[in-house]
Amino acid sequence: MKVTVSRKAHFNAAHRLYRKDWSHEKNEEIFGLCNNPNFHGHNYELIVSVTGEIDQETGYVIDMKILKDIIKFEVEDTFDHKNLNIEVPEFKELNPTAENIVVVIYNKLKPKLSSHLDLEVVLYETPRNFVKYSGE
Amino acid sequence: MKVTVSRKAHFNAAHRLYRKDWSHEKNEEIFGLCNNPNFHGHNYELIVSVTGEIDQETGYVIDMKILKDIIKFEVEDTFDHKNLNIEVPEFKELNPTAENIVVVIYNKLKPKLSSHLDLEVVLYETPRNFVKYSGE
Amino acid sequence: MKVTVSRKAHFNAAHRLYRKDWSHEKNEEIFGLCNNPNFHGHNYELIVSVTGEIDQETGYVIDMKILKDIIKFEVEDTFDHKNLNIEVPEFKELNPTAENIVVVIYNKLKPKLSSHLDLEVVLYETPRNFVKYSGE
Amino acid sequence: MKVTVSRKAHFNAAHRLYRKDWSHEKNEEIFGLCNNPNFHGHNYELIVSVTGEIDQETGYVIDMKILKDIIKFEVEDTFDHKNLNIEVPEFKELNPTAENIVVVIYNKLKPKLSSHLDLEVVLYETPRNFVKYSGE
Amino acid sequence: MKVTVSRKAHFNAAHRLYRKDWSHEKNEEIFGLCNNPNFHGHNYELIVSVTGEIDQETGYVIDMKILKDIIKFEVEDTFDHKNLNIEVPEFKELNPTAENIVVVIYNKLKPKLSSHLDLEVVLYETPRNFVKYSGE
Amino acid sequence: MKVTVSRKAHFNAAHRLYRKDWSHEKNEEIFGLCNNPNFHGHNYELIVSVTGEIDQETGYVIDMKILKDIIKFEVEDTFDHKNLNIEVPEFKELNPTAENIVVVIYNKLKPKLSSHLDLEVVLYETPRNFVKYSGE
């Protein structure tokens, strides 16, 4: 009996979409308002879903308190109230689009979970825009 | 790395569930209140999800502004503030159940997207009732 | 100790904004898309709030089950799955704008409540547009 | 054309997480606050999703009114305003974790649906914690 | 310039509505399902609103972190994962209706705030039922 | 008959809380994480509420399309995807706390509305923190 357990979390951050190796004109053309050199920001909402067998002893797939702590340590403590481009090492050379952020979060969380658990991460950049990654 | 990018949109429309080739009694029996000949209506909420590889140059699966414009042109401009039965050609002979509407929307959006992108459409008819179609 | 007790309800309906005594051009100019002669519709969300003293015996301002039944009988049963312009007598000569609908609902509910209770009605026409009336 | 039809429902219940065959200390260690012997409770939100072919006659996968009635009879009438540990027979010997509750709900609903329909059940224990089961 | 600052919080608890001095029949008649002697429960959502002048130095009415801590200490730590009837002293002789709970919360928070600040508390018992108290 | 008409809008922005005339230590002590010199950001959600008499001709308090355009021109076009501290002139010398932002927005919108209309502005900085100002 495989059950998926999901936990919501959130962080607030500033970012800017651009490539250093592109001209200002090309950055403007592709990223528009998101290329503002003074940054803009979002309340990112995160849904972390873990799929696995129910432990017959505890009735848990994973203890939600443990999952909550992993998300806090790996994501909230390092991303919340930060400037993603400047202060989060993963985005030094990687454009912090929602797509790239969700992959980075997945890659930070996956090694912290037992290998027999599947992981899926959903990231809301705004209430109307969101992305999903499950390692495929 | 396949990521799913989702965009919410919405439209308000009137509709009526019935079949011309059925008796009034049979329409009443099957569709109940939804068969009101004077129509009723909904705020339809739409979630359009596109799955594909992240473009290594831009960090996008698809530019959200382009996806937003496709949804606006194909769905919002033709469905919003309309009577689905009378004014939307696809429902001239097709009963506008949520199931049929979501398939029509999928079929309008799919040809506008690159063929290597997968599409899934979720349509909320009310906050408690919704449907999903992904072309299978 | 005055406490306000609120209950959410909802109904789906079709409507059209126009005045019979105006030309088609003036209706188009003022009401735009909302003047579609074939109607459009909404999922109306309703919040009914009743303010009064807590009954020291029961701990209730008003029994929520009774309030729920009043809303069902006065509003949901007469508005849900209806065409407001054609089937709801109050809108035979009254333009069913959100403002006029919320006043009509207030006037239907007020006489059903004890005279020492205050009433406020909020009506969501869409998730982004809503109106409020409290009899002032 | 396979479409998924979803319906939201809800129930309020008290529960306690613990195993009779464990010491008080071990229950405290594993279940923490959730092991309160006087119980605590939740507003459980439920999303029941049914996947199948659209019936070409009605335009329905399943009549939403029928699905609503099945959920009411099988889940709401037996779980709402109940103490899960004491009053719901399935949890006499089974710890009512969200994971176990969602499996019990799935197992109650599945036999009531046509065998050619697939079922998935999502259960929100709080707005931030939820689980999903689809019989796999 | 008076501004209102609001903070959301939540707690999960079990409760039962009844009066010891009433017969079982009268409790059943007035409180119905809510009188279940084995308790039921809710995810209570709380909105605490504080109104006052903006401090010209800080730009704050009240530091949100301080407000968050007051709510945590006064409400969440004493109500969360508790049985209100048995474990919260205020309800030993007071029926824990939503109305009585919101007054108790107001009375716990008010003395912790500067006397020149106004307080309003909103308590959601379910997503459809909520109450409000502002000390009047 | 005075009715309140509300419209939701939103913008994404970066900001930093600090005072130039304070030491780094004092800024850290008072504003904590919000004082990050590299900025952080939010999806600000806005609810603009206008109260006045219903126009007997149109059934409107104010045409929602006009209100929507005023909000777009005065708030969204100047705040969205901006760094509030650097790019919005009102915050050159004013700390962009939620309280100060909501007063600035009120002061921008009020002169654009007929003088017989009352205005209230609610600003969500996060889903859990929000502020309200009505000019008092």
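Just a few scattered comments:
Going by the order they are written in, the chains are A, B, C, D, E and F; count residues from 1 in each one.
Basically, a contact is a pair of C-beta atoms (placed from the backbone, for glycine too) under 8 Å apart; a residue touches a chain by one contact, two chains touch by 3 or more.
Bear in mind the structure is a predicted one, so any value in this text is a computation, not a measurement.
Any chain bridging chain D and chain F, meaning touching each of them, is among A, E; the list is complete.
Chains that touch both chain C and chain F are the following: E. Hopping across touching chains, the smallest step count from chain B to chain D is 1.
The interface with the greater number of C-beta contacts, when D-E is set against E-F, is D-E.
Under half of the residue numbers at the chain C-chain E interface are used by both copies of the sequence. Mean C-alpha position of chain A lies 28 Å from that of chain F. For chain A, residues touching at least two other chains, in rising order: 127. Per the contact rule defined earlier, chains pair up in contact as A-B, A-D, A-F, B-C, B-D, C-E, C-F, D-E, E-F.
The touching residues of chain B, counted against chain C in their complex, run 10, 12-15, 33-34, 36, 38-43, 45, 80-83, 86-87, 126-127. In the complex of the two chains, the chain F residues touching chain C come out as 1-9, 49, 54, 57-61, 63-65. Interface of chain B with chain D (complex): residues 17, 19, 30, 32, 94-100, 102-103, 127-133, 136.
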